[in-house]
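First chain A sits with chain B, and in the next complex the same chain sits with chain C.
And now, the complex of A and B:
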């Protein structure tokens, strides 16, 4: 006999405002329905009432984890409408902050995954590391959550001593290689909980249109930093980790390898950072009429902004956001079908969902 | 054992007067150890006691009919059974007891787990029912090893009397005896619902499992019964492993110290592991059963040939 388990609208595991209705038989999940929209804040409408300075501060509040990515994508779109090009140093600083944010997001996700396995000691270890990443971000930007680094045509703050930041990053890398990565890649307790569950085949991944680490774990080598480089990514050497099995373990491995790649990019960006200005366009910013889109590889996958402007207006006429969770979440239904109830929190978490920024 | 000593054992030591503070103390030790291993400060010493008092002061939602009565009854029954089990432990030398009290102890140790299962189903919450089903599957798995262990210990000493078993540790008992104590230790994490066998109350999967619908004084009773289970289960290992001592105060101190060591050992195991799935858990305990059964039979045959 089947029965329905309602998880949410405030999920106990992921602590996010969404609801998953699961139809189960015994401990096996037969089907699942996902409901979102519990945290709608009307940010896109509010953006239409803010000027081009205020809208950056507003869109930074879409997400508490990848706040920099949202302002970066918005600024890139607005730069297309104003014709401004950030100077090379600003492009490098954007790469540094974006990669630190990726480290922050992946370590946070590793902690949440550990918590979902009931491995709270590992959760605490990950969150301790996350604190250290936030310390580096604070040293650069003065802030721990909303970094306020991006502006139209450049960045707001300089990295005065890139080598000092490099020393902090190398210390972080050593700790991650010593603790987090081995536990998630070689520990039998962790891998036994992740191997073979929540499988998303390559074909299903293509038909669902998944992005980011979820796609890369299903054998799709897509990464905007490589396919459509922005900021200074064209000058960086890095690999795009791809796994073929499509299960939770593959998503775990992709993220663990991405942590190493992020450290590699950070090392290059901090050592090769060119001297120069932080921004262009100190004079009055003039927008042209039109719509510009910008895409960026956020820690969870592709973020897209579509910004429309009317010439002479101080406010945007439309700001549309598409977050990676919005494209990844329909795949959860296929992942949890046939899974055991005990595995479902981990499967849901494996796409690294952020329903608060999806709702906006 | 006369009525006075029986009452003294049940109400004073190792019974209620000792067991209730010991339960809070062991709960604190577990929480503090796990916290320290995780790099946290952990709760203050009195926290389990404060939790209990705070829960007692809260009101429970009104529940009518037989269902409400049953839901109120299960935690009380669990507390009584766990307290009775602690009272039966032969901590002090020449504490009396009767032939077959080991079987009563086993029954009393199992009763709280039965109450948890019944409570989950009585609450009519889907999370409670899943938690109860998991608890039942877990109980069926670890209890085979647990019972085999107890029976082999009893068989190695030719008695079902607890006091005789407690004094056996001093007389250089057979390898079968220590094998039994080890098997009991392996079962304790499942009996106490701690990692890696914490699946009946896996918060991230089924909220609080059988306890989801409980609040206020009833939940306080569940917490107390859980603490008493800690005292009874670790105390059982302590009495079986403790050397036989003539002085009662020394025997009591050794009992508390050994129990403390077992609590530390279990807490460290809980902090260092992730939660296993139900089928992995069941497989683990049935494999344990098989290994233990083979070892116990070979040990018994060996003893027979030796004698």
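And now, the complex of A and C:
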């Protein structure tokens, strides 16, 4: 006899509201349906009522974790419509903030995953480290969540002393290499709890079109920083970690390895940062009629913005946002099929879902 | 001829690619969206999204389908005089949520598929979010 068990919209394993209706036989999940939209904010519609300064502030609030990525993608699209090219120093600063945000996101996720594994001490360690990443972001931007770094044609703030930031990053890296990464990659507690559960096969990952660490953990080496470099990524050397097993452990390993790669990118960006201007200046910004599209590799995967403008208009005529969780979330249905009910909170969390983004 | 250059011929299009706004655009001509989806599957392109635009007056809608081919962003615009277009869900599983979202946001019907509510709550109706009523 099968029975339906709802998880959500409010559940200790969910940071934000969504609902996973699971059909179970005994302790085994046979199928699942997902429901989102509990916090739908109509941001795409709101964007049509904002001017080019206000729309940046609005889009910074699509996501509370990767707020910078949203403004970066939006500004890159608007730069195509205005013909403005950010100067090299601004491109490097964009890389630094984007990689710090990736560190922030991955360490936050590691803490939540640890909590769902029942590994509370690790949760505390990760959140302590996350605070330190936020301290670095605060030192650069003055803010801990919405950094307000991006503007059309560059960035709003300089990194006055890159080597001081580098020292903070190196300290963070040492702590991560000493604690978080070995525990997540070698400890029996973490690996035995995650191995073999929530498998998304390579074929299913292709079929669902998943992105980011979820795709890379299923054997797909896709990363826009490598395939379609933006900002100053073309000048950075880094590896794209890929795992083949497609389970929760693979997603854990990919993110752990990406923390190391992010530190590697940060070291290059901070040491090679060229001198120069932060933006194209305060000249009048003039939009041409048309649509521009930009994509970046956010911590959870590819973000895409399509922005349409009519010349002479104060506001965009359309802003469409495609977020990574919107793409990855449907795959959870396939990950939980055949899983034990008790594993489903950890499985759904393994894609690092963001409902703020999804319910934009 | 690289893979990108060979696509118009494979799709039976006489139009060249136009690179604009970060996208390689190809006007699909007589090709249907289902034929396009089959062609993209054959090329192992990765579906990204559909962007819907409501056109002024009563001109209908424009749907822009996007795929990624080796890091290149491809775009294919389709004009809808009415409110419907064929679904490609059976050919491309990744379109499921975006077709449902556009259906709910703009009240566009994707023919040949069934819907379950995605964003809508009880009592809402399609078109409640993004569709503008024409006066």
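Quick note on the criterion: the second predicted complex is superposed on the first by the 359 of 360 C-alpha atoms of A that agree within 3 Å, B and C clash if a C-alpha of one lies under 4 Å from a C-alpha of the other, contacts with A are read in each partner's own complex, and residues count from 1 in each chain.
Convention: contacts are C-beta pairs under 8 Å (C-beta built on N, C-alpha and C of every residue); 3 or more make two chains touch, one makes a residue touch a chain.
The shown structure was predicted, so the numbers you read here are calculated from the model rather than taken from an experiment.
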Identify the partner contact of A:266: answer first if only chain B is touched, second if only chain C is, both if each is, neither if none is.
neither
I want to verify the contact counts: of chain B and chain C, which reaches more residues of chain A?
C
Looking at A:329 after the superposition, I want to know if it touches chain B, chain C, both of them or none. Which is it: first, second, both, neither?
second
Answer with first, second, both or neither: which of chain B and chain C does A:339 touch in the superposed model?
neither
Pick one for A:207: touches chain B only (first), chain C only (second), both, or neither.
second
Examine A:12 and indicate which partner it touches, taking first as chain B and second as chain C; both and neither are also allowed.
first
Just to be sure I read the superposition right, which of the two partners does A:250 touch: chain B = first, chain C = second, or both, or neither?
neither
Who does A:306 touch here: chain B (first), chain C (second), both, or neither?
second
Chain A touches which residues of chain C in the complex?
20-23, 44, 46-49, 51-53, 64, 66, 68, 70-73, 75, 92-94, 96-98, 116-121, 129-130
Would you pull the chain A residues touching chain B in the complex into a rising list?
3-6, 12-13, 27, 114-125, 128, 189-190, 192-193, 340-345
Which residues of chain A touch chain C in their complex?
33, 35-37, 40, 42, 44-45, 76-77, 80-81, 206-209, 222, 224, 226-228, 290-295, 302, 304, 306, 308, 318, 320, 322, 326-327, 329-330, 359
Which of the residues in chain B end up touching chain A in this complex?
34, 37-40, 126-127, 130, 195-196, 198-199, 202-207, 271-280
